[in-house]
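Chain naming follows the written order as A, B, C and D, and within any one chain the residues start at number 1.
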Amino acid sequence: MKFAARKAFVGNTAYRLLPLRFRRLPWDSDRVLITSMSGDWLITSRNDFERAVTGHLDPGEPMFADMESRFLITADPERSTLAPLLSQYRTRKDYLAEGPRLHIFVVSLRCHHTCAYCQVSRQAVGQTAFDMTESTARHAVDRLFDWPAKMLTIEFQGGEPLLRFDRVQQLTELIEQRNRTEKRTLRFVIASTLHNLTDEQLSFMRDHGFELSTSLDGPEWLHNLNRPRPERDSYRRTVDGIERCRRVLGDDAVSALTTLTRRSLDVPKEIIDEYRKLGFHSISLRPLSPYGFARKTGARHGYTIGDFLKFYEAALDHLLQINREGYFLEETYTRMLLSLLLTPFPHGYVDLRSPTGAGLGAVVYDYDGRVYPSDEARMLAAMGDHSFVLGRVEESIETWMSSPGMQRILGAGVAEALPTCADCAYVPLCGADPIDHYARQGDSIGHRPTSDFCHKQMGLFDTLLQRWEQGSPADRDTLEGWALRATCREGVLETA
Amino acid sequence: MRKALTVVGTALSAMHGVGHASNNVDKTSLAALALHDSDYATTLAAPLNLNVRNMYASHSSHSSHASHASHSSHSSGSGASYGYTPAYTPAYAPPPPSTAPQDSSGTATGAPLISPTKLRPSVDQLQIMIMRVQAALYARGYDPGAIDGEMSVKTKEALRLFQAARGLPANAKMTTETLNALGVALTP
Amino acid sequence: MSTIEVRLDASVFCTDTVTKAAHRYTDTYFVEIKSNSADLIVELTPKRAGADTNQLAERLRNDVLDEKLRALVRSETQDIHALLTEAALRQALPPKSSQGQ
Amino acid sequence: MQPLEAKVQCEQWPASPLLKVAGLAEFAAGTFPPEHMLLDLRDTQVRAAGPALCHLPWAGFLTDVPEHAPPGRPWIAVPQGAFKVGIGDVVELGPHASKMALRYRRGSNNNILFTTERCNSYCLMCSQPPREVDDSWRVSQLCNLIELIDKDAPSLTVTGGEPTLLGKDLRRVVLRCAEVLPRTHLHVLSNGRAFEDSALAQMFEGLHPSLTWGIPLYGDHYGLHDYIVQSAGAFSQTVRGLYALEAAKQQIEVRVVLVKPVVERITELARFIYRNLPFVEHVALMGTEPIGFARAHYDDLWMDPAHMAPILRKAVDYLSKRSIRVSLYNLPLCVLPEPLWAYARKSISDWKQRYLPACEQCVVKERCGGFFSWMTDKWTSQSVEPIRGTSCAKH
């Protein structure tokens, strides 16, 4: 017989390391997480890992195959292929080729609320000078179609966009008209409190397939405390709005975001139970960002990332409990992080990308015709810091891309090249947020050991990895179920 | 627009790190491998139309082929999905005939075996059509008399009965819709 | 507040490795690195009261070992990392030379 | 098991070697000209139809009673006990010897287009060892066969040997199927190595409306795969080929034969497929066929399916949770845990399938694919036993 034994197929050269990063597990310092450049990963003992790095693995041992098939090492180049690794990497960076898909139109800064932590620099209801003009709207639509993305998400924001719904209608119609020749795939989203929603507005939204994103901070007392109106009826108005939207647009058409204030951190269960009570299957628990009015009132409303992570663990426990009871309820940011750990696919979320999603994944067209790479950049400008203005709607997108603001972003926008991040095992799953670092630390590159962004990400990744590794089969199923849900919803989190 | 993305591309050179070329032989072969494999790099996605096709779900019995009425070239051939069992192994290797065929219709020119324009000098076209109608009627349990290519009284009566049963005008004529219902193609 | 001093054998660990490991402690400690002929000395002084000093020296020593391993990985993979990135994105990104519309 | 080739009695060998067996419906439909058909005089309706039918220019007649054939016309008699030939089937006649082979069987679940005996791999468990022969004549023969196959045949399997060794000629065969049998699903079994040449893969883009490539992958790293197919470099070629096929927008099935070394890493293979080849539409996990080379490698390959059940279940769960369809072939239900029954297919071709005596008392025999007819005790699971009752009635 001319058959050869297994060792004849080992190859002719010693193995080599491929780019990899590792992290000692915080809950077990004898083991490490190893990640490949594309984010595939393996948990193993530190001893075995050290053997691997120092060239002592034997081709016959399972660890060798495990590392080879995850592209942490490679053996004989004559017999290997790196096509899977390159495909994984390209898939994760897929959004680069297309340019921004999320386009935020700020139709008015006016709002009826007076939220202390407001992330938008809201204006009183009567101040029509803070509305987008028709001329600005037309220019913004022209620019929208200058981008090459085949899928465009158009998100209307404020302030309260319902206060200038005529402009929302006009923009929608202009965009759809233009799209008859452009043939892009369009998605319309509106971020609103849903107060004072008229039937006419609802039927327009239905006819144009709008998705709605609103804010619901938890039970009535908490929501009304967070979102004051003179009538103290913010909660009731929002819940009424949600129900009316569901009746007209369907159950899935409305999603809600929770902004977490200091008060929220004590009541994770109540907040989650409120969402379950209202029939939501998705919740977004969002820590306060250091922008807008939130920064000015930081002392009163602020809390540390450590506080947030404690809240998060309690919230996750409760969510898992609810899922064990048979009610599907996911947390959207968790789902996104888990999908990075457990699937090869990219996510649509613009705030966790490297290169950064600011300007590369999203563009904001402000009411006054200024253009920003992200909502955060707009907040900074509202506070007088114009570091990240890209330009005006009358200018070309090429001008925006070569603006000093964009250069500043790109210079600090690749996580893999940032100090400390470059060595972090989570960096293939993480993102760069130069504007956030600029806002918090005064420097777009930032200092990782004191970075809130970094603490939050590391804390969440560690928590989820540990839950995944040590969780009960039922909880693993739940977490996996969130990750595998194929939906890639883009940007809706960063609204309202 | 290309230009705008080019700006992005240039900025992304930061991603390429601070590596510098090395003359290590092993690295060179790995570099060649990476370059070669970049031709195969694909953006990974789940299969398209995951829920459209149903080829694998059905592994029930196949139709009995009791009727071949659908063989008409006029049938709408929508390409609808068929129940389909993925086959497991090659059934067998058909051995070569003792000499390779020299049939001119099967040469590498790819000339079709069945030529649609082939003439049949021995039998009249209409007669054959009537025979086929008779055969179809017979196969369906009607009695057209002998299958002889004559539009006989019996054949007409059988045709009328068939047409009536199908809700077609019972005129004993070989209309296109009657032929379709019988599974008789106008042109073979 | 008390300063914790960790001595590392300079013939085993290089300054770069030790610096990288010590940098991770800069959120809660003031960090100073000194050297004499035989040792590299890391001094960690808590910035605030109540800092977690439990097994601090041991943690730092582990981190230094990890940094050393990282340096090893880096030296072997740095070139290929750049190359793979470029290979993966070669067709996804527009050619850098193209300047036309 | 039925032989598919037999000596037949005949007179005046018909000129055309490939012939379709015709009854009244075939004649009525007019899809195939009489010159390429054998009129089946064994059929009572045909015999009752009258002499005019026989005067048509049939290639010949199929009969048990030679006197039924019109004088002076070719006829063929299939002896009792030979394989069954029915209306709609396509047979091939050897040019000189009195031999007839079945090339297409109407209603069979496993009609094949056999492309070549040659192969570029040499798999440890190959059920049909390749031969290094020049059989390029098969291409034109296949193109002719395709024209005589029923237009509503649900599926055909293109196999070998290694079909891609035909190079551009494989495209010709597929194209002919697309033209002549546009509603017939085509399943091409290939090791995919040749598609390392992306240009070859590109030739199939948009060529056929319903084509699936069945490509084997035996490991998550080259050491394992190359060993199983006994070819250094095969893994990288196949993986590149899979990407090239995906780039050419082809539907892909991954096929895995469950031999011991492969089963030992089956969950890792499942993970590899999902992480790197998520565009794969179907994964077939197949019990070993105890024939061909497999018999010589019993010690290296055999693993009792009952022992692989737990790990198999993990792999199946993993893939199906991720929307990749999974099927289990060639594994009788009694060796599988009940949750896996839903994935088990009756995969063994009708002509080489059988049940064991124990199966007679089994309540799920009808749903079970049974055994290969050449199964021996050595290759039979210790766990084979009749199922007396099922715990649930899922189906």
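In the analysis below, a contact is a pair of C-beta atoms (placed from the backbone, for glycine too) under 8 Å apart; a residue touches a chain by one contact, two chains touch by 3 or more.
Owing to the predicted nature of the structure, the values given are computational and were not obtained by experimental measurement.
C-beta contact counts were set side by side for A-B and B-C; A-B has more. The greatest centre-to-centre gap from chain C, using C-alpha centroids, is found for B.
If you average the Cα atoms of chain A and of chain B, the two centres end up 47 Å apart.
Averaged C-alpha coordinates give centres for chain B and chain C that are 63 Å from one another. Chain C and chain D have CA centres that are 59 Å apart.
Between chain B and chain D, the centres computed from C-alpha atoms are 17 Å apart.
Chain C has residues 80-81, 84-85, 87-89, 92-93 in contact with two or more other chains.
Chain D has residues 240, 243, 276-278, 323 in contact with two or more other chains.
Shown for chain A are the residues that touch two or more other chains, namely 16, 78, 80-83, 86-90, 94, 96-97, 344-345, 486.
Contact between chains, per the stated criterion, is found for A-B, A-C, A-D, B-C, B-D.
Interface residues of chain B, counted against chain D in their complex, comprise 37, 39-42, 44-47, 50, 53, 55-56, 59, 62-65, 67-73, 77, 79-101, 103, 105-108, 110, 112-114, 118, 120, 122-123, 128, 131-136, 138-139, 146-149, 182-185, 187-188.
Note for the complex: chain D touches chain B at residues 4-5, 16-18, 23-33, 35-36, 45, 48-53, 55-57, 88, 92, 94-97, 99, 101, 103, 106-107, 109-110, 112, 114, 117, 127-128, 135, 137-141, 143-144, 147-148, 150-152, 154-155, 157, 159-161, 172, 176, 182-185, 187, 189, 198, 209-210, 212, 214, 240, 243-244, 246-247, 251, 253, 276-282, 284, 286, 289, 323, 325, 327, 329-330, 345-349, 351-352. Looking at the complex, you find that chain A touches chain D at residues 1-4, 6, 8-11, 40, 59, 62, 65-66, 68-69, 75-76, 78-81, 83-84, 87-88, 343-345, 480, 484, 486. By the touch criterion given at the top, residues 20, 23-27, 62, 66, 69-70, 72-73, 76-77, 80-81, 84-85, 87-89, 92-93 of chain C touch chain A in their complex. Taken together, the chain B residues at the contact with chain C in this complex read 1-3, 5-6, 8-10, 12-13, 15-22, 27, 30-31, 34-35, 37-38, 41, 43.
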